[in-house]
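Multiple structures follow.
First chain A sits with chain B, and in the next complex the same chain sits with chain C.
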Partner chain A sequence: MRREAPQKLTDYAPLAFPAGMLIVFFVVPFATMIAVSFFRRDPAGFYSPDFVFDNYARFLSLFFGKVLGFSLFLAVAVAICCVVIALPFTYLLSRTKRRTQVLWLVALLSVLSLSEVIIGFAWSTLFSRTAGITNLLVMLGIMSEPIALNPSFGAVLTAMVYQALPYTVLVLYPALVRLDPTLTEAARTLGASPLKAFFTVVVPALRNTVVATLIMVFIFALGSYLLPQILGRPQHWTLSVLITDQAIYQSNMPFAAAMAVFLVLVTLGLVALTVYAGRKGEAA
Partner chain B sequence: MGDILKTTVSRRAVLGAGVAGASLLAMPAILRAQDKSLKVGVYGGYFKDSFDKNIFEDFTKATGIAVESVAEPTGEAWLVQLEQAAKAGQAPADVSMMSQVAMLKGQSTELWAPLDMGNIPNGSNLIDHFVNKYPDGRIAGIGAVAWYITLVTNTDVYKEAPTSWAALWDPANADKLGLLALVSNSFLLEVTAKTHFGGTNALDTEEGLLKAFEKLAEVKPNVRLWYRDEAQFEQSLKSGEIPMGQYYHDVTGLAAKDGQPVRSTFPKEGGIMDSGCWALSRASQKTEEAHAFINYMCQPAIQATLSRKVGTAPTVKRDLLDLTAEEFAAVSSDIEPIIPRYDLYTSKADWLNQKWTEMIAG
Partner chain C sequence: MNALLQRVYFGLVGLFLVLPIIVVAGVSVNAKQDLAFPPKGFSLGWYGEIFANPEWRNALVASITLAALSAALALLIALPLAWFLWRRHAPWANVFQLLGIAPFTLPPVITALGLLTFWATTGFYGQPATAVISHAIFFVTLPLVTLSLGFSSIDRSLVEAAATMGADDRTVFRTVVLPLILPYLISGYAFAFVLSLNEYIVAYMTIGFTMETLPIKIFNALRYGYTPTMASVTILFVAIAATIFGLVARFGDLPKLLGAMSSRD
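After this line comes the complex of A and B, so read on.
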């Protein structure tokens, strides 16, 4: 079947529904947020419509720069950890029997049914001194006494990777299942070890998928605000935590909106940069 | 309801109708209640349920004013709604229970209708600081309920109860504390001022505030958890994971009664006393009913009921109450409380928030 470019105006009609949805559920709320970010804050009351840059000016400080930097770093770390774990896992999974695959996928999907709150509290119990996993290590004689593993950066990272891993696998799975098995077979016939075949044939063949997955997990992790609060110290709080504080506890909507707009812009910028770099690398 | 009665005209239904009929005869107040009514806003959930069960019904019986209770969201969302409705001449609730910071913010826009103490004779029972006034002396609100935040400990870890807030600074308590995460709900600046600088007046100037921040920063190495979610700290306190911190006196008492190894102590500098006010929206048409309601709530007997049934600290003077020493200790203390500097959270809200966030996260 040959695809033809739309000729008449009515050929574009099917686009109307998604476009309408996008306008109602994305463009309008986002435009409202941008508008509010320029409103004037009244500390004794709420805010009034205006056009001021105060909210952005307050954000441009070393303190918020550091928080933004940490948030981006955390999201990148989560994305890399997820892909590093999920890629070999999904590759091996795609080579197993159909029944095994279905079982694993159902198990992973069930993790998605857990809310962020449950994941946070479960990990905080697992990492606790009184009831956590270090008690098991003490029983096995590996450690002398139980210790608390949270709050710490490791605890935040672990829980966030746990939360994002099912998505990562689900995004990688279709691409890996469709991957032509003769590619690796050819590599093996030519004398490459399974490990070498994986890294020199499978990974490069999936380059675009991997980049897309990294971006997806990165954006997913950037929005997290509960896990850093439950499992981290204040220096591990992300920008999303501070946005929540401003919006809900300080009723400073203009500042919260300004921070959110800033976060979205930085994110879009980084994603654009990644895609651009990917294109360039492909051309070379 | 009608369907249920129609389909099962059972013994239960007949009995129910009988009871309803009898109570109509016995309580003419309910008949009159139809033409007099009042919408009262209280925090949704536990508070609203307790008030519906223990207070509003009796109030209707006593005065003939029917109460429609409205569940308020916590935080300042309710203030925003009241404010916007008042601009349109509407009152989603006539009388609302408001936090002290919300009272001050509402004052700045004249949201609260001034109350006439002449129509609230029981107002003289109140402890003075529970009368919320406009700067020019008009009455903006009347203390509804109060509660304490105290120094709490796990009894397995701390055999001896601490006696002073100074325990927060003790290097022996490294990595053992759970404290509230926000400047405007932890009131730790006030605690610092009272413990180390002689009183909350030390916070009058920016200089004094900075000194308090500096002193408070010294507790950071002792803090394991800065919590926003109460359940998170309560669980850790019970298990001994985080054996000391600041928490609500009433809830800790209930947990101790359940056999949990926790205790709440009023430090010698006093517990932190936070409270809610009854305030009347300027858009309300029910001024007379509202005064009757507030007057009713200021009775010592009602305050005692609240203490027993809801667990709040009374807003009327101790000697007017018939609470036993034990009942009083369960909700309050004779030690002079630390009263938060609510004025700072409106006049310097953003500055304080910024300094605070930089202090704990920096």
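After this line comes the complex of A and C, so read on.
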């Protein structure tokens, strides 16, 4: 059966429910949020309709600049750590037996699906004084007494890498499975060591994939909102945390909406960049 | 030497992934209400607590109900859409594919805030049904992606043969298409179910003040100190996820589902 253009109006019938749901519950809320970002805050209730740029003007403060700067820095750090760890790992994984691959994929999916709350709780336990990893070091005689490792920047970074690593592997996986194995074989035949073959053949061949993955992990990390709260200090809070804070605890919906719109613009810009990197990859 | 190096590397990554889970598993069997590792004493009582304590039990029931319903609704949205895009040549309809993927691609706080403003403006804020719809929209991406993959792997000559024999669209769908995409349908449901079970921010912003799902319950409990039930619930969730994905892998082609088109071996 060839794909045919819809002939009658009834041919469109299957589209009605999905299209309606997506428009009413995604497009409309999204538009509402953009509208609210121009509204004026109403201390008594949520907000009152208006058209002001005040909420956007608040961005131009030092405090906001710091939060934005830290959010971007943290997301970049997470993306780089994840890709550096995941690239060799996924490459090796894609060369193993199917059974091994499936086992790892199940494990990665299980970790990936874990709630941020659960990941935060697990790492705060691991970094705690009473039940943490330092107890192991004390047992081994490396440290004299257990200490608490959180709240700290390192704790936030570690947990976010933990959260994003399975995602990174799963993003890289399709590209690496499809990578022509004869490429590295040729390099090996010509006398390159496996490490050299990896860095001189695999990495350059995947340059665009790596760039696209970096951006995708960056966006993923930008969305983290609980880990900085559970494992960090207030100066480690990200834009996502601030949005939640403004919306729920300060009841300042217009400002929260303005920040969210800004975050969307940053994200969309990056998605466009990813698509562009992908296109260039196909052309090359 | 290289095989050894590979083992070590896999071992390190594996250790990083399981270490927090091991510690939490250890903490969950403490005899008393201690946050201690290695555990002091041994007790499985904290697992019983999930079901015995009405607060935790209600949260568990709320989470499972929400996940089951929202994954089903996500499937109801994704299936006709994926079918239409496969059956018909209508390029502009791809817009809806894009709309289905957008909520999942953007940082979750954005979808959450959009839905919060929407429910607050329309006056439904806080009602349980809003969370079901919100999660269905948020996770519709997953069945949409698996189903698109499923449809694209159908050999069109099979469908053509059925049509030549006089089967109409409805019959073709029921007797040929549906059996072929069933694995993709089930795995799409499974992905949406597990992720909905673990989702925090959208649930929190829609029903956070009227109901507690398990992630919300854990976070609220975390603020007021520590109870080992958090640890046992965590382990329960890891077990649920591993079981469901294990089943998907057992009855489906997991590497293919995750985008590896060339199934080897």
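Methods note: the second predicted complex is superposed on the first by the 237 of 284 C-alpha atoms of A that agree within 3 Å, B and C clash if a C-alpha of one lies under 4 Å from a C-alpha of the other, contacts with A are read in each partner's own complex, and residues count from 1 in each chain.
The working rule: contacts are C-beta pairs under 8 Å (C-beta built on N, C-alpha and C of every residue); 3 or more make two chains touch, one makes a residue touch a chain.
The model shown is predicted, which means the values in this text are computed figures rather than measured ones.
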- [ ] Quick one: classify A:208 as touching chain B (first), chain C (second), both or neither.
- [x] neither
TODO: Look at A:19 in the shared chain and tell me whether it touches chain B only, chain C only, both, or neither; answer first, second, both or neither.
DONE: second
Task: Partner chain in contact with A:248 - chain B first, chain C second, else both or neither - done: both
- [ ] Using the superposition on chain A described above, determine whether A:131 touches chain B (first), chain C (second), both, or neither.
- [x] both
- [ ] In the overlay, answer first, second, both or neither for which of chain B and chain C A:234 touches.
- [x] first
Open item on the list: Between chain B and chain C, whom does A:110 touch in the aligned arrangement: first, second, both, or neither?
Closed with: second
Open item on the list: Can you tell me whether chain B or chain C touches more residues on chain A?
Closed with: C
- [ ] Would you check which partner chain A:3 touches, where first means chain B only, second means chain C only, and both and neither mean what they say?
- [x] second
Task: Partner chain(s) touched by A:48 [first = chain B, second = chain C, both, neither] - done: neither
Open item on the list: Identify the residues of chain A that lie in both the chain B contact region and the chain C contact region.
Closed with: 46, 121, 124, 128, 130-131, 230, 248
Task: Touch list for chain C against partner chain A, complex - done: 2, 6, 9-10, 13-14, 16-17, 19-21, 23-24, 26-27, 34-38, 76-78, 80-81, 83-84, 86-90, 93, 96, 99-100, 102-103, 105-118, 120-121, 133-134, 136-137, 140, 156, 159-160, 162-163, 172, 194-195, 197-201, 204-205, 208, 214-216, 218-219, 222, 230-231, 234, 237-238, 241-242, 245-246, 249, 254-255, 258-265
TODO: Under the touch definition given earlier, write down the residues of chain B that touch chain A in their complex.
DONE: 75-76, 80, 83, 104-105, 108-109, 181-182, 184-185, 224-226, 228-229, 232, 236, 239-241, 346-350, 353-354, 357-358, 360-362
TODO: Sort out for me which residues of chain A touch chain B in the complex.
DONE: 41, 43-46, 58, 63, 67, 121, 124, 128-131, 148, 151, 229-230, 233-235, 237, 242, 245-246, 248-252, 255
Open item on the list: For a test of understanding, state which residues of chain A touch chain C in their complex under the given definition.
Closed with: 1-6, 11, 14-15, 17-19, 21-23, 25-30, 32-33, 36, 46, 85, 88-89, 92-94, 97-98, 101-102, 105-111, 113-126, 128, 130-133, 135, 162, 165-166, 170, 173-174, 177-178, 194, 219, 222-223, 225-226, 230, 240, 243-244, 247-248, 253, 256-257, 260, 263-264, 267, 271
